[in-house]
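Next come two complexes, and both contain chain A; in the first it sits with chain B, in the second with chain C.
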Partner chain A sequence: MDKRVTFRHRLLPWLLLAPQLAVTALFFLWPAAEAVWQSAFLPDPWGTKAIFVGFDNFTFLFGDPNYRESFAVTAIFSFSVAALSMGLALALAVGADRVIKGSGLYRNLLVWPYAVAPAIAGVLWLFMFNPSIGLVAYYLKALGYNWNHVLHGGEAMTLVVIAAAWKQISYNFLFFLAGLQAIPRSLIEAAAIDGAGAGRRFWTIIFPLLSPTTFFLLVVNVVYAFFDTFGIIHIVTGGGPQRDTTTLVYKVFSDGYEGQDLGSSAAQSVILLVVVGILTVIQFRWVERRVHY
Partner chain B sequence: MTTRRTIMAGAAAALTALGLTAGSALAATEIHWWHAFSGRLGELLAAQVEAFNASQDEYVVIATNKGNYSETLNAGIAAFRAGEQPHILQVYEVGTATMMAAAGAVVPVHELMASAGAEFDPSVYLAAVKGYYTTPGGEMLSLPYNSSTPVLYVNRDALEAAGIDPDTDLSTWENVGGVLDALKEAGHECPLTTAWQSWVHLENLSAYHNAAFATMENGFGGLGTELTFDGPVQVAHIAAMGQWAQEGKFIYSGRRNEGGARFRAGECALFTESSAGYAGVKAEATFDFEIRPLPYWAAVEGAPQNTIIGGASLWVLSGHTDEEYKGVAAFLNFLSGTDIQAAWHQDTGYLPITMAAYEATKEAGFYDENPGTDIAIIQMTGKAPTPDSKGLRLGSFDQIRGIIDEELEAVWAGSKTAEQALGDAVSRGNELLRRFETANQ
Partner chain C sequence: MAGITLTSVQKSYGATRVIHGVDLDVADGEFIVIVGPSGCGKSTLLRMVAGLEWITEGEIAIGGRRVNELEPKDRDIAMVFQNYALYPHMSVYRNMAYGLRIAGLPKQEIDARVQKAAQMLQLGDYLDRKPRALSGGQRQRVAMGRAIVREPSAFLFDEPLSNLDAKLRVQMRLEIKELQRSLGITALYVTHDQVEAMTLADRLVVMNAGVAEQIGRPIDVYARPATTFVAGFIGSPAMNILDADGAGGAVRLAGHEIPVSAEVSGQLSGPVQLGIRPEHLHPCGEGEATFLLRVGLVESLGADAIVHGRLDGTATPFAARLPGTAPISEGDLLPLRSAPEDHHLFDRETGRRVG
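Entry: the complex of A and B
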């Protein structure tokens, strides 16, 4: 027998949805529509006039080899940030899950970085790696490695990836820990009795059972790396050296906010929106198939 | 969308600020001034405002810090779009073309003074300073506030330690090259570094050697201007710098003034930076230092011409009442006063904007007590500015500087030749200029 609770009221579901819909419309749909509208214009910064240019803003962007390159930069950056922050968070969560004494303290300490503002996180890491006064740069020099992210693109990328990933570890850690604690002990114990070692238990039982959490975090982390990291990049490298750390969202910020080129900035926002949309579809269609709920 | 969000946030913040101050309404007419100074400069600015407010009771100037230069400009723009703009906005020199193109959003200073019936004689201002903010027809658009020009800072102790006579002639890049060789040979780790590479080593380099940075009088002649800083003078200089970078004689520290910390810490022997860096160096340096004129290439005929300014000026925004504009005119005249300017010049290292303030400072014996502080003025006023040395007026200039930074970094890293890098910077920059031209026609 199918037991189902039904509400006759037609208005109630809409009423309950209304606050969420209002927030979505106000903070997402409206600005997004505005960005699409603006991307067809070449406005002057003061809003006194705007010339309709159709798709010119887009052809201008895609005609620029540097813009196309920043797709590659964004891909490397986002993949590295997601992989690093999720990998470390998983390792820490597994570790914290085993701790019995003082586990609350560990957990709290591990959550702290999430409360740090992106700009502050950037300055923090910048200080440690500053080529002339940074502590880490100093020790690297003692080891014979001349750290200079101001001139070397690879090192600049490494630095922004570390800073951006570090901030996100806490968030990932919380979800992984909750995921781990939801796995029934009996399954793991049964595997242990059958003679499975720690590594085997992890890869054949824990990791597959964590997959919903991992999948959720993958989506969240990619969105984070795409949108929420320009503060860190702005502080640490300013997109340089050359264009080695200029991600798509950083270019939106610098063209629009520093360059006052609102037409191009809006067009870039639209492109970014499409890219993230496609990525999310890919994740849900192909990656999610491998997820066990 | 991020941009939109920031702009909306800026506008919201602007509204709150205005709302708060409006709450404390006084009988006197309020004049709002948004600026980009914090720290010591912010204190000095506040003192000027207090002095003005105390000097009369008709107007009250309320100065508000809106972050750094680009944040201040953006706050002003966002407020204008929302109809809540301040009366006076401090805008950095690279924003000049943006402000000029904003017909309807700004009230040119010469018009303001005329309609307010205030006394105004543009000839009292230093030609080299006001030229940057004046139309080709000679009309002053904004009031110069803080202006500086690049000079060479020398760590005399470092030269001596390397066995070089600290009084050696450093007026030409040819001589500097020899000193860099000697420093390197003596094992010095940072013979030369710089701040603001585009401003010092391309914009000022071009003016100093009377080489065009862009066509149509460096953009003063109109929006159709095209970049030309890939000429022989600039290529030769950047190639030499690139060579020094490869040999470890020029150390690149970053796009802004990161090199300043290194020089002040005694790490670098020579440092090209704004004359306004003087106060900081004086306060922190524990070694014997000296200011010298910016070097030039003796091989270039006619050099040295004159250097150009950096810094900011005060723009008056439209949409306020005549009564308020009278207050603005009175305040701008107050700021141009000799005592105010002389004190500002001596306290900050920025240039005085009037000839009278320079004379007053000289008479007070300030230059004798602080040798080198008059070099910036001499360097700027030594020769009458030519069409190629009076300044730059380029749309999207902030982004063009970003492009120059990127391309110069390629030279310092050794991945491009000077010729390639400057050629690429010119063609990338020209695309932005064409966009700006279309948007502002």
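Entry: the complex of A and C
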């Protein structure tokens, strides 16, 4: 049976599509085109006119050690955020899957962080880890560790990773929990009768069957770490100390708005666009093959 | 290989008791079928033997060893689930080998066992396939294979055939029986299908509302049902069960006397229920009739016909199974005769068999 809907009117399908197309055009196609256009210009120091430079902005970027460093920072940051938020979310979901009484309450409480705006989440963690007034910093000091993310790059990275991952745990948790509950109980019981202990059941049965969820979340989390973490980094570290937490997307902002180098900033966002595109293709091509649906 | 002993096994969820003390002694190599309507606790009972449900009270022993506190993996049993519970991401081979690999058997031993089981179940050509590429019957066989390779003390079956179509069900039923015979493994089999129950079982356990109403050989359960529930549940079409008066050693139904065996009549005292199976009714002349059936609907099955209707002059539903295609139509009055030894009598209060 043909389940396609056929419209008698030619215009109606376009009208129905129009809102979505308008949003895509307004917030994606137009700015993207603008970025591509601007990436070919170099504004003069006073911002009065722009000189056409072709691909010079790109050539300069690839020769710039700061930019290459920013790539490394982004890689470390994204990997850490995805691993930490997905790992913790999975652990929480496995725990919540076992709870029968009061599971609704648990789930609701665990979802809350997702509703917190990135900047607020950043401030929250910033206060806790503030070297002079933060509670966590205070306790760390009591334990003999002198926390100061304003001075140490590694600590700054740790802090933004924690803050960024914390916000994403709720989202991942929801999907992991739904994924876990979709696994038939009898499979796990069969494995128990086959002699597998809890750990073995998890790694040989549950985790492979969860792989479609894991794959989906991997894509979402990497994109999140690339783009949506700007607010957190801006509030918590401002990209510092010494560019140690300047991710690609943060560099777009700091070069464009703080450095007023709109051409380079535009070129960077074009590169970023391409990188995310490639990453997504890779994920679908290679990772999907190992996914059991 | 080993027997299974259940001693007053009970199960409660909070204050709700679902199994009210079941006693069962399964001999080594015996095929026991637990049958009952849905919600009677039969699956729960099986899952308690498997170790998937805690035992609230009583004791379960497998091979003379108390297993109440043991994990499923330590009970030396294998289970076949209703939905087969095959691991969808593993090949047929790996599905069967899973338990053996966990047990840490050497590779050659695993391979030998899997190949042997695959051959026995005609799965040799499918070992590399994923379960989703198999038909229902083949999946069923893989589930069986996974149980066989472990060489357990006992097989547990939880309605293994209910997801198959009717024809395949008959075929798999035979295969299961033959397999169990040739391997000589003790089997506990749960079903709601009385044909499966009758054909597979060495002994039947008929369960109702958490109680084992009767335990016995299928033919004995059929011939001498212990309660009205068993009488109505085993046999198709179901036994006719009629309210009758049993005072003074004679059974009276709507005024006229129904002959019963002398052994029974001595034990009669008050209100009873009279049971008569549709297949034990025979057409006869009006003078020798035990029952007069006002014909309603006739279901012709070819070899025989099931005549539904009401006892003449009453609203009591009544059915008879008559050989061939008798020329009967709605509204006819059909005189039927039955032998006294085919009349089952039950105490109307307790529902238990009299005599």
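As a convention for this text, the second predicted complex is superposed on the first by the 261 of 293 C-alpha atoms of A that agree within 3 Å, B and C clash if a C-alpha of one lies under 4 Å from a C-alpha of the other, contacts with A are read in each partner's own complex, and residues count from 1 in each chain.
In the analysis below, a residue touches a chain if its C-beta (ideal position, glycine included) is under 8 Å from a C-beta of that chain, and two chains touch if they have at least 3 such contacts.
Model, not experiment: these values are computed from the prediction.
Superposition of the two structures on chain A shows chain C fitting alongside chain B with no clash.
Of the two partner chains, chain B is the only one touched by A:Gln260; chain C is not.
When the two complexes are overlaid on their common chain A, residue A:Ser132 makes contact with chain B while staying clear of chain C. Touch criterion met: A:Trp46 reaches chain B, while chain C stays clear of it.
Superposed on chain A, the gap between chain B and chain C at their nearest CA atoms measures out to 41 angstrom in whole units.
On chain B, the positions that touch chain A within their shared complex are 1-7, 70, 73-74, 77, 80-81, 98, 101-105, 252-255, 258, 261-262, 265, 267, 396, 398-399, 402, 405-407, 409-410, 412-413, 415, 428, 431-432, 435, 438-441.
On chain A, the positions that touch chain B within their shared complex are 31-32, 34-35, 42-48, 51, 53, 60, 64, 66, 131-133, 150-153, 227, 230, 238-243, 249, 252-266, 269, 273. For chain C in complex with chain A, the residues that touch the partner chain are 50-52, 71-73, 77-79, 81-83, 85, 87-89, 98-99, 102-103, 146, 150. Contact residues on chain A toward chain C in their complex (touch as defined above): 184, 186-187, 189-197, 200, 204-205, 208-209, 292.
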